[in-house]
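Chain IDs A, B, C, D and E follow the sequence of writing; residue 1 opens each chain.
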Amino acid sequence: MNTTEDTTRRPSQLFRNLNAKVASIPMIMTALLVFLGGTVWTIVYSFTNSKLLPRLKFVGLDQYERLWSASRWWTSIENLLVYGVLSLIFSLVIGFLLAALLDQKIRFEGLFRTIFLYPFALSFVVTGLTWQWILNPDFGVQHIVRSLGWESFVFNPLYDQRIVIYGILIAGLWQGTGLVMCLMLAGLRGIDEDIWKAARVDGIPTWKTYLFIVIPMMRPVFITTLVIIASGIVRLYDLVVAQTSGGPGGASEVPAKYVYDYMFLAQNLGQGFAASTMMLLSVAIIVVPWAYLEFGGKKRG
Amino acid sequence: MGNDGVSVSIRNLSLNFGAVSVLKSLDLDIQDGEFLVLLGPSGCGKSTLLNCIAGLMDVTDGQIHIKGRNVTWEEPKDRGIGMVFQSYALYPQMSVRGNLSFGLKTAGMAKDEIAKRVARTADVLQIEPLLDRKPSQLSGGQRQRVAIGRALVRDVDVFLFDEPLSNLDAKLRSELRVEIKRLHQKLANTMIYVTHDQIEAMTLADRIAVMRSGQIQQLDAPQTIYSRPVNRYVADFIGSPGMNFIEGEVVLSDGAPRFRFDGLDIPLANYQFDKAGAQAGQATFGIRPEHVAVNSGDDWPFSASVPVEIVEPMGSDTLVWSRLGKQALTIRVSSERAPRVGENVTIGFDPMNASLFDAASGDRL
Amino acid sequence: MGNDGVSVSIRNLSLNFGAVSVLKSLDLDIQDGEFLVLLGPSGCGKSTLLNCIAGLMDVTDGQIHIKGRNVTWEEPKDRGIGMVFQSYALYPQMSVRGNLSFGLKTAGMAKDEIAKRVARTADVLQIEPLLDRKPSQLSGGQRQRVAIGRALVRDVDVFLFDEPLSNLDAKLRSELRVEIKRLHQKLANTMIYVTHDQIEAMTLADRIAVMRSGQIQQLDAPQTIYSRPVNRYVADFIGSPGMNFIEGEVVLSDGAPRFRFDGLDIPLANYQFDKAGAQAGQATFGIRPEHVAVNSGDDWPFSASVPVEIVEPMGSDTLVWSRLGKQALTIRVSSERAPRVGENVTIGFDPMNASLFDAASGDRL
Amino acid sequence: MADVQTLNTVAAGMDPAADQLSGPRGARPRRVLSRRNIFLYGTLILVAIYYLIPLYVMIVTSLKGMPEIRLGNIFSPPVEITFEPWVKAWATACTGLNCDGLSRGFWNSVQITVPSVIFSIAVASVNGYALANWRFKGADTFFTILIVGAFIPYQVMIYPIVILLREMGLYGSLWGLVIVHSIFGMPILTLLFRNYFSSVPEELFKAARVDGAGFWRIYFLIMLPMALPIFVVAIIIQITGIWNDFLFGVIYTKPDTYPMTVQLNNIVNSVQGVKEYNVNMAATILTGLVPLIVYFVSGKLFVRGIAAGAVKG
Amino acid sequence: AAELEVTHWWTSGGEAAAVAEFAKAFEATGNTWVDGAIAGGGSTARPVMVSRITGGSPMAATQFNTGRQAEELVEAGLMRDFTELAEKENWKEVIRPVSLLEGCTVDGKVYCVPVNIHSWQWLWLSNKAFEEAGVPVPTNWDEFVAAGPALEKAGKIPLAIGGQSWQTTGTFNVLIPAIAGKDVFLKVYQDHDAEVAAGPEIAKVFQAADDARKLSAKSNVQDWNQATNLVITGQAGGQIMGDWAQGEFQVAGQVAGEDYTCLPGLGVNELISTGGDSFYFPKLDDADKTAAQEVLASTMLNPATQVSFNLKKGSVPVRGDVDVSAANDCMKKGLDILAKGNIIPDTNQLNTEDTNNQLNDLFVEFFKTPSMTPEDAQKRFADIIASAD
């Protein structure tokens, strides 16, 4: 065999799929420069005492000490936890229930779906304003119930420190469950029709089929949904500002607002960076291992 | 025959999806312990019929009786049926044991009774070692076995199979086919089995119902369907490679019927005509590849010399593609006698084995 | 062997996915105009090998030569190959014409030359009436024909087929099989064809390469593979229903080798031993179902009386499931001679047609 | 010729008339007012009312005059319908010295949204395609960073991006804003497109490569025409997101290019004496109108696209 | 002639009318005023301004509160130096009190134009509300506290405070000089003396704040001018708010002394602070605009503009040499105190924004959390003062 003699060398790996690499430059730049770079930059400056402008005057852990001794920061974290856990649970449960109802081959499905989904088209600012208005004790629900004769009725979540976060939750759920429903509906539609038939032949009641068979099968949908809800929760800001501005008495403060206020209002970038580093850290602890498992090591699909 | 011998009886069943009529007032009686195969091309309504029997689809008209009971309006679980699906439809998050026992648990059966039934089923299907695995950890064949087990464990009268093997590869398919056959011999339940694989149909069935667009064309034992198809559609559908069809006409010369085509002439003296008897007219002559002999030296009612165009060895047999007159002819010979491409060979066959169809209606003559 | 006769030559090819080695330093030479079938179970690396030849996967080690040119690192389009996929992989938004001409347009060919080639291809495959349809408007068989056309139109030296027919139903499959055969006879290109359907492999191939976990087990003409498999794996893999295997031992009584099992005894005088000759030891005796005769009345070197357990009519043939000693035995008889379940029949066969394997290594003795 | 029907029954050996007409036949009887239906539709309608209340309140309030609002029932329909608030919100509401309402914000928003949507989707779809089909080394790492990036609060990124845009000389320009929107849309859009393109059979891609098509050719001629459902989803998500954005709009634009949301904030927060709730509501509805219309028109495609792309992976 | 974009957060009725005066005067010079109002107060607007300046796309002029808000921008060399103009127009002489210009001066160079003097120390009272409650209009803080129950009985909110945090901090900061006197105020905010902050004087202030908290418990508006509106319409008894509130009374057509009453220094210690707003001028590349910036600066300080602007705004002009005969009752009271020199610096001049923000966090919590004791609050207050720089 003389063909074996002309050994062509393996070409450089760098230039294989060159076009794909070139096309990915925006993504690579975004990932490295903006997300990674921005994160590193933020972490570095969180150890400085930068005020209005970033400056490299390092002060060690001062910013963190101050952060963790600030009662507002603690309130913010508490609020985010309460809001986050409840919002996750409720939007998943409500979203799934609505999807399950819509999946019963009902009439006017399109109409109902549109109604449940439309709030998602509205910004948090609009959502916040509207709900502020409905929950306003002087005009809104409380006023209406009182004018119906129940004088002692009290429902003013936005003006009561203890429950203000639930007032925000109501608006948040109103805005977000539509999308969750949509994702769940898509997931339900992806379930093999035969599974349903098998369950019916086995005599398994519908609710049991959902609970023990269908929901476990929808793992990927739940994961996508979780990413979307969770990333929204961490960034919770607009809604709070529009509805309560963190009030009353700072009872509805959230971490993102803490970051914003310290960076720009208090003109204490260092403090803001320290707070955002803590947020990033907690996100990273939860998200990075998951994201790596989900998108990193796995093969195609 | 009394009603007690009948397991499933379908009366005048119709089903429409909107304006589309999928089943057209269909009647069918299945004997107790019978293995009935529904055979037909894709979209002819096999799955729909099965779903109606199972109660998974609401019929538009007609009745369904199982074991003499009118179950037309009953829930699937109360009909005494078990069903096995093409896609297995196993509950993916449960172990095999969970899959088998879930229905029983839901029905509120006692724990030890469930355990006993699961053990018995696992024993019958030889899936004991798999009981604690998840479906994703099983091979296709094992999955299908579990799916059968799920029907088995419920101790039902009637088994419904919807193309249970078509997701498997050829080797597994033939293995599981035998297993299902054995199972039937052992349990003696009624089984209704949908497929569009004729080998499955031929090997498994006590009777085959060949369907076409929502109607049953022929309901008979496999050999009858194979050798005496009621029309050209059934003849064409059964057998691989398919029956050879030769277009021509029946003439009655001196009262003796003959089939004329492309200047050739087949005597039909041996052919068993239908009640109506032989009549002249355009017709199609059908003969199966294995009924054509090659260079046999024997004396056949009809013989001719034909060219060999393609030779397809298939292991024990070989297919020879040739031409009779101007029309294609496939011949199946045992591999030892396979001719070579380009040769001319003498073929012969007996019209007794052939089928003759009306050219217009396609009905058997 | 001269270089000019070789179309595709694979030298020492290895491919790893991470730690998993899928192809293990594989060598293969395919002659010009040869029809080579790669046969093997799922996951054995058939598609991977084909993808390497096509340049769709980067090899880990080794070389690929096509028409004497080292193409190991060339782009797929420059290798002079065309490929046909199981899922057709037609561009769904383009018409059939668009599908056929896409590659040519990409290569910058002149418009009228493209038109000419498309017309010629459509003529060869008889798809002219479909040229302006979208793939979604075609049946499965038509789609696959277009997919073949897409390779054809590019006028390549080597055709690669990756299970082109396995998405089709049995009837269509056998039709298209013949068409591919005809095409090969007409074009005389080199074709490499992946399948795990043995019928396809047996009927189409000039030579078959039986693969097993990334290695070629046997590379031979179909009949050789069928009748003289090099090891038990190949023997088991080829043939449906599979070869009967009987466990026992070879003994040399009076210098004449015999096969003993379950108290029975098969004389091996007729058997053609491998170079090493007959040696005593544990072995497996393999005989194909069609090589076992039933109630033939002839005088066979070995005969016995066996019970009939299951009978599977398959149209022209019938399978009989029985037991020889304590071991399962499948027999294929022509349907006319099919026995009944429960009967006892006399079987006989000639060990000349059998295969004998070493019990430990599985290699042919 | 034998009648098929009789052949069947004869073969079965049954008397067809035996138990023909007794007992249930045909479809299972279904009452329109079954308990299941009452529960199903009852729940749906109740929930739908809950979802519609805010919209109702917004519309009703925007059609009332201020005196009627002060009287107080936000749920009662307007006694006297007035379009004054709408006119004011659109054309004459003041922020500082500018008294042209939302009207100019509308065109600014259009001018910002259109290029941002196009650019961000173009970038993300190419990314998703490259990730799904041309898996080069390290791609997964970048993608993981990108996904984690979806969790970073926007506020944290404001400063680094200010610096970045300043260094690129794009700060304050339309392109700067387009880039910002593309950056923050990238994680979720890339995820969508990657999942979608992964579900396209790999063989299609291989066939195209054998046909000699390269990266861009495959993208434009094969993948792009197939990706319509997911493009619809991406377009809807981006239109909503970009149109509704406030933070970037206010920081990365100038007063004469303020998008509608910033104008809305200005109008709502420029309290002159009493809050004009009716004007605020009208302004709110006007601002939300574009994404609302997009949803009402393409809701069905949205669900379909989500099914095609988002839930896999 | 050039187009200059001017950003500010003056969007309430009175404020907008005042800005219009600037715009009118500037456009009279043949240039164009591009209004860059950002609603939502300084807290919304300042981040935008700072990002734009640091992002390299600055406006031509921008408002900041007189004080330390723009310090770092100046230090970073992003702001224009107006020393030359200041010398030419002799700002040192005309602007009074001198502390205003000092706020604009860094390293001896002038970087901004103060445009008004605002003082925080005012209690605005609704005559109508007290009339309806049947008590005389109070003349000092103690009387006001005493009148609380009567007002409440009449269904009024005794003290209106908006929900925004700076309003609660402002209220407290007004209470310090009123209750504890100027010296304590300066010790706490100028010297950042934590001991004083923890001491008995401030404890008294916290007691007063506690009173204010109780009086304002029913107040549930957000914006300061909504709170002012409560006073204007007689729904609330009074409001502690800076003199800019006067603009709202004016827009509502109310007359000082008749419809409303103002008590500088809460009627206790007649002291007022000299905060206010200043305009800064970022460095620009465009020569035309650079020239126009100077025109704008001098227009803003122009005596006529100062009068018309400040009358609308309800604040006091920064020039001592202008005719303020048109001023109303309240403004005249302010001018008097100013003339007497009873002034204190504004907290914006003394504290960094960081400290202010911490104070905001504390007081908004204090005012809205009835369970928080004055003692606890004072302890945190002292901590903030101790760490302030």
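The rule is simple: contacts are C-beta pairs under 8 Å (C-beta built on N, C-alpha and C of every residue); 3 or more make two chains touch, one makes a residue touch a chain.
It should be emphasised that the depicted structure is a prediction, and the values quoted were computed from it without experimental measurement.
*Asks:* Treat touching chains as neighbours: how many steps, at the fewest, connect chain C to chain E?
*Replies:* So the least number of steps between the two chains is 2.
*Asks:* More C-beta pairs touching across which pair, D-E or A-E?
*Replies:* Counting C-beta pairs in contact for D-E and A-E gives the edge to D-E.
*Asks:* Cα centroid separation between chain C and chain D, in whole Å?
*Replies:* 52
*Asks:* How many Å are there between the centre of chain A and the centre of chain E, using C-alpha atoms for each centre?
*Replies:* Here chain A and chain E have centroids separated by 39 Å.
*Asks:* With chain centres taken as the means of their Cα atoms, state the distance from chain A to chain D in Å.
*Replies:* 16
*Asks:* If I count partner chains per residue in chain D, which residues reach a count of at least 2?
*Replies:* In chain D, 158, 265, 268 touch at least two other chains.
*Asks:* Would you pick out the residues of chain E that each touch at least 2 other chains?
*Replies:* Within chain E, residues 47, 54 contact more than one other chain.
*Asks:* Do you know which chain A residues sit against two or more other chains?
*Replies:* Touching at least two other chains: 16, 138, 260, 263.
*Asks:* Considering the complex alone, what residue numbers of chain B touch chain A?
*Replies:* For chain B paired with chain A, touching residues are 51, 54-56, 75-78, 81-83, 85-94, 102-103, 106-107, 150-151, 154.
*Asks:* Inside the complex, what are the residues of chain B that reach chain C?
*Replies:* Interface residues on chain B, with respect to chain C: 42, 169-171, 174, 177-178, 181-182, 185, 196-199, 202-204, 222-223, 226, 237-242, 288, 290, 310, 312-316, 319, 321, 332, 335.
*Asks:* Once bound in the complex, which stretches of chain A touch chain E?
*Replies:* By the definition above, chain A touches chain E via 51-53, 66, 70-72, 137-138, 159, 161, 244-251, 260-268, 271.
*Asks:* Mind pulling up the chain D residues that touch chain C in the complex?
*Replies:* Checking each residue of chain D against chain C gives 201, 203-204, 206-213, 217, 221-222, 225-226.
*Asks:* Going by the contact rule set out above, which residues of chain B touch chain D in the complex?
*Replies:* 1, 3, 6, 9, 11-12, 27-31, 58-63, 65, 70, 72-73, 207, 215-220, 230, 274-276, 361, 363-364
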